[in-house]
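Down below are the structures I want you to see.
Each of the two complexes below includes subunit A, the first together with subunit B, the second together with subunit C.
This part shows the complex of A and B:
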């Protein structure tokens, strides 16, 4: 990339912001940081590449709000490790991208800064997907070359599918979470959104590093062991889980999908890949597991927003109706409040065993079931892999087309669980920490296909994607 | 091992409780039939079977909602308690699907964490190397929380200065 191309993108940003509400903060001085093409530092791996950072990843020179009123004035004293690595590699940070408050949402409509609009539909008010809504819209609109998002239960892949770009969630622990504001720490994973796979891989190479500051970071010993077991292949054994695809198509989606999906599958066969039907039965429970575990973790993580440790302290009393800091915490949006209440319900002694513990056990079952179908070993669990198993699994990312913003506002009134269903195909891989990439089935269409590999086998997922993504589309 | 039969097309077997890899698709038509066959629906995943309804989580009463608001540090004064109760009960009904399966008692919740299930034992040399690494590292990701204490006794520390005194 050249300095000219970088400046061109930066100049587009104010207009794109007006149209799509992509950013929560724009760094106005970034144009001054663009290095001349002949500068020594312009050889850095991400030099002249413009990026946006999801606003739940901390930056020392820009606010970090999590899309919430409660953190409006917060500026972190340090950079997240992933941000520091990007800066060191020469990337130009143009701003912080809009999101569902604290990452809680799948449409990009629950932000204090208002909903993000989908650049695929410039003349309509269509959602961009969430929670990394601004990151996906920034890439789709051409405001940035790539963006960082976070994927707790599909929050990178779903907006990538809705905006027809690439969204990669690496294995849990590959990219440091240090400086990522926790929503559900056992699931939160930094992901990369881009249009171009080679660029996405370049960014991943910069970020895929052990970080001693993150206790869940994949250590160097395991990274090396995984790397030693990786085998580069030209053709793959690919499973199509019935739970991710069969009978899930609405009439509307089936009509849209039949031709492009058929062409895509024919291409897989022509390339020599072997396709198998597969059933991973416990993935049926992925959504209720996710919506038990993640609110419970959020209830704990968001306890720190009391106006003293974090958050803007309310000017009213600290103690109201026998509850400390409730007037400060009233600044949370309704969706966050609903999930905190649900999280505490699951953690209560009366329900703990039947709710939280049950969900945890089912999560273990899902991990074990994935282990039993993959050929590659899982070095975390100690599974040696199934000698007759699969290299990859493939399915849809979204089970429907993105709807209008008004539709979500109306649906929300009828039931909060209506929105949860958007995550139906994306949560199973999050629960097992698997690497997975969503790519558009057809250029410019909001339909995503996702391929996932065994834990740690990120390189196979990315290698396969380079064969499967249609460069002509 | 798991190369068992999961038939496709018209002969799709009923829901299995074990993961199965079926026989390789031999033609595009087999794949098409498998994918577009309407033998189950994701909505099926989101409803609970009649048998499991006996083991449902308890519905939240008004008192429970008030308790949960307090636990969540959220105001109850002026809050729409009935609205919150209705939302919570819809959420509970949604997660009740967890009761739609039998669980093996041997499943260990500690294995939920996406970390090594079994860490290799540390040798004496490993321990010495870790100590040396820690001493040489400028930053170990933590901070000395007791460094500002001017008094300490029996493992307790007293910080008399403001904790952020002298910082930006």
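This part shows the complex of A and C:
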């Protein structure tokens, strides 16, 4: 990339921000940081690449708000490890991208800074998907070369599908979470959004490193063990789980999908890949499991926003109606409040066993089922892999087309679960920590196909994606 | 005032007159929080020194300790090692696969909004600590206190309430300091057992070098669970020292006895409650109706604490023998120390301003003893072997060190055990008298202090004895001695006393005369020789 290209993108930003509400913060001085093409440092792997960072990843020189009123003026004294790695690799950080508050949402409409608009529909008010809404829109609109998002239950893949770009969620633990503000950290994964796969892979190579500051970071021993077992293939055994296609597709989508999807599958067969129908029965519980575990973790993680150090505090009393800091915590948006209530309910001593523990057991069952269908071993669980198993599974990313922003505003009132349903195809891989990438079925269309591999087998997922996507486009 | 006093007398037997009543059985369990003396905090690299940094609030705080968003805990395995030692010393079963859990409640000095502790799968369980009448001073011959469990957890910060300004200051130096919570079974039946257990536990953690063990600094904090005749359990909190613990139990016992006698137990003692100690009474802090649901959940980012099966044995081998074992060794052959003296060599003081710790003292004692015993060989009855080492180390030397403010560790570089044994031999062989020995030892120590215990210096007792001319005179001419005695008798000018001694009316007063002789001879002539000579001069017949 050249300094000229970088400057061109940076110049576009104010205009794009006005149109799509992509950023929560724009770094105005970034143009001065663009190095001339002949500078020594311009050989850094990501030099002249413009990037946006999801605003739940901390940066020492820009505010980090999580799209929440409660962290409106918060500036972290340190950089997240992934941010530091990007800076060291020469990337240009142009700003922090808008998101659903604390990563909770699937449409990008629940931010204190207002909803993100989808650049695929420049003349309509269509959602960009969430929660990494600003990161997806930034890439789709051309404001950045790539962006960082976080994927807890689909938050990178869903907006990537809605904006027709690539969204990659690596295996859990591959990219350090140090500095990523926790929503549900047994699931939270830093992901990469881009249009170009080779660029995405280059960014991943920079970030795919063990970090001793993150207790859940994949250690070097396991990384080495995984790469020793990796086999490069030209054709793959690909499973299509019926649970990812059946049932919930809307009629209009099913009609629109049938032809391009069958064309795509035909092409796979022509390329020599083997396709198998498979069933991963427990994934039908993925949504309830996800919406039990993630709010419980969120209720715990967000307990620190208590009004002593964050947000505002009631002048009269910290304790109102038997609740501590209720006026402070009123700064949370409705979705966050809903999930805090739900999470605390799951953790109550009376319900804990029936909700949280049961969800954890089912989560293990999902992992076991994934282990039983993959050929690659799962070095975390100790599963040796199924010798006759699959290399990849393939399915849709979204079960519907992105709706208008107004639709969410109305629906939100009737029931929050309407929005939860958007995550139906994306949560199973999150629960199992699998590497998965979403790519557009058709260029410029808001329909994503996701392919996922066994835990740790990120390279197979990315290799396969380059075969499938490049030949298709 | 009068009303108050009357109230005190008629309704509450005074605490000072406290005794347990046989028809009201006391049952107690203890919950002890112990701050581990690790270098760093439990989940961060911050310095763990909350007590000494009290004047610098929030000095030892990392991003994690103040719960900044995006920070993560990293387990300090030194705390795990310390917990393993305590678990072994308390005869616990160590859980080779334990986990951390989150306990949620809001408090200003708890920045995460939850405490990281161990709830579902604690670090160790099913232990016990035996108490003995001889060693620990309980009423029974022995009593076993069972330990339900040990869990590793983080300490909270500290709130300083400024009532006049209506603000609370928060110091997070303590936030994240490693703690072990130890819970005993409700095995205690009287105050003596509780007092003995706390003392023994304090000594144990000091002995293991895992905690300062001080109640005063909050390094150890004790909560008490108490019930009478199996009524509902009451938890007593805010007990800053041993006397508060004991007084609170006494007060609460008497309060509950009165409730039972008034027939109100079904109403007032049917629900568990938590009470605090004000210094003079217990007051209700919360009852069952305001119980907090802590919403425990496994911590989702801290890895489980997995220990290899041989870790416990390996750690056990590195541990010093237990204080009880050392004590038993010292009171047995060949040392035969009294229990009181043995305790001085075994028990830790609180470490503040002391001139020695018990380990260096014990080592110095044992080395000196063996060096001395080797040289004395057959020349002494076995039961007398420890007399000189004990008198001269535990009593004389420690007294001198305190007087001179001289640490034991400094002087032993020059005054090595072997040299101290040389000194003991001088007394053993009667080359100098005890009185001269005291002067000589003090002089040597004082010189050591003045020369800053220069390691090159050597101590030559022989030439010092000659220099001060204090060598005992073994071969004294009887006539010469009688002359000295005659002189003393004349100089005291008390004919009646002399007559009474001579007649045997005041036999003991001859000691006075001997004393005068010792003074005059600066202890170089033996007391027995003086006594013999006085008797001869006075022609004593008795």
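The rule is short, and it goes like this: the second predicted complex is superposed on the first by the 457 of 473 C-alpha atoms of A that agree within 3 Å, B and C clash if a C-alpha of one lies under 4 Å from a C-alpha of the other, contacts with A are read in each partner's own complex, and residues count from 1 in each chain.
Here is the rule we go by: a residue touches a chain if its C-beta (ideal position, glycine included) is under 8 Å from a C-beta of that chain, and two chains touch if they have at least 3 such contacts.
Here the structure is a predicted model, which is why all the values come from computation and not from measurement.
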item	value
Three-chain arrangement built on subunit A, subunit B and subunit C clash or fit	clash
First (subunit B), second (subunit C), both or neither touched by A:168	neither
Partner chain in contact with A:341 - subunit B first, subunit C second, else both or neither	first
Subunit B versus subunit C as contact partner of A:278, first or second or both or neither	first
Partner chain(s) touched by A:74 [first = subunit B, second = subunit C, both, neither]	second
Subunit B versus subunit C as contact partner of A:390, first or second or both or neither	first
Subunit B versus subunit C, judged by how many residues of subunit A each one touches	B
Touched partner set for A:300, first subunit B, second subunit C, both or neither	second
Touched partner set for A:408, first subunit B, second subunit C, both or neither	neither
First (subunit B), second (subunit C), both or neither touched by A:216	both
Which of subunit B and subunit C A:185 touches, first, second, both or neither	second
Location of subunit C clashes with subunit B - one stretch out of 3-11, 39-47 or 399-407	39-47
Where subunit A meets both subunit C and subunit B, residue numbers	77, 178, 186, 212-214, 216, 299, 303, 306, 324-325, 344, 348
Residue ranges of subunit A touching subunit C (in the complex, touch as defined)	57-58, 64, 66, 71, 74, 76-78, 80, 177-182, 184-186, 212-216, 296-297, 299-300, 302-306, 308-309, 324-325, 344, 347-349, 352, 356
Complex contacts: residues of subunit A adjacent to subunit B	77, 172-173, 178, 186, 211-214, 216, 222, 239-240, 242-243, 245-249, 254, 258, 261-262, 265-266, 269, 274-282, 284-285, 287-289, 291-292, 299, 303, 306, 320-327, 329-330, 332, 337-338, 340-346, 348, 350-351, 354-355, 357-365, 367, 369, 372-373, 379-382, 386-390, 399, 415-417, 420-421, 424, 432-433, 455
Sites on subunit C touched by subunit A in the complex	63, 66-75, 102, 104, 106, 108, 111-114, 170, 293-297, 300-303
Contacting residues of subunit B [partner subunit A, same complex]	1-3, 6, 8, 12, 15-25, 28, 31-32, 34-42, 45-46, 55, 57-58, 60, 64-65, 67-77, 84, 87-88, 90-101, 103-104, 107-109, 111-118, 137, 139-141, 168
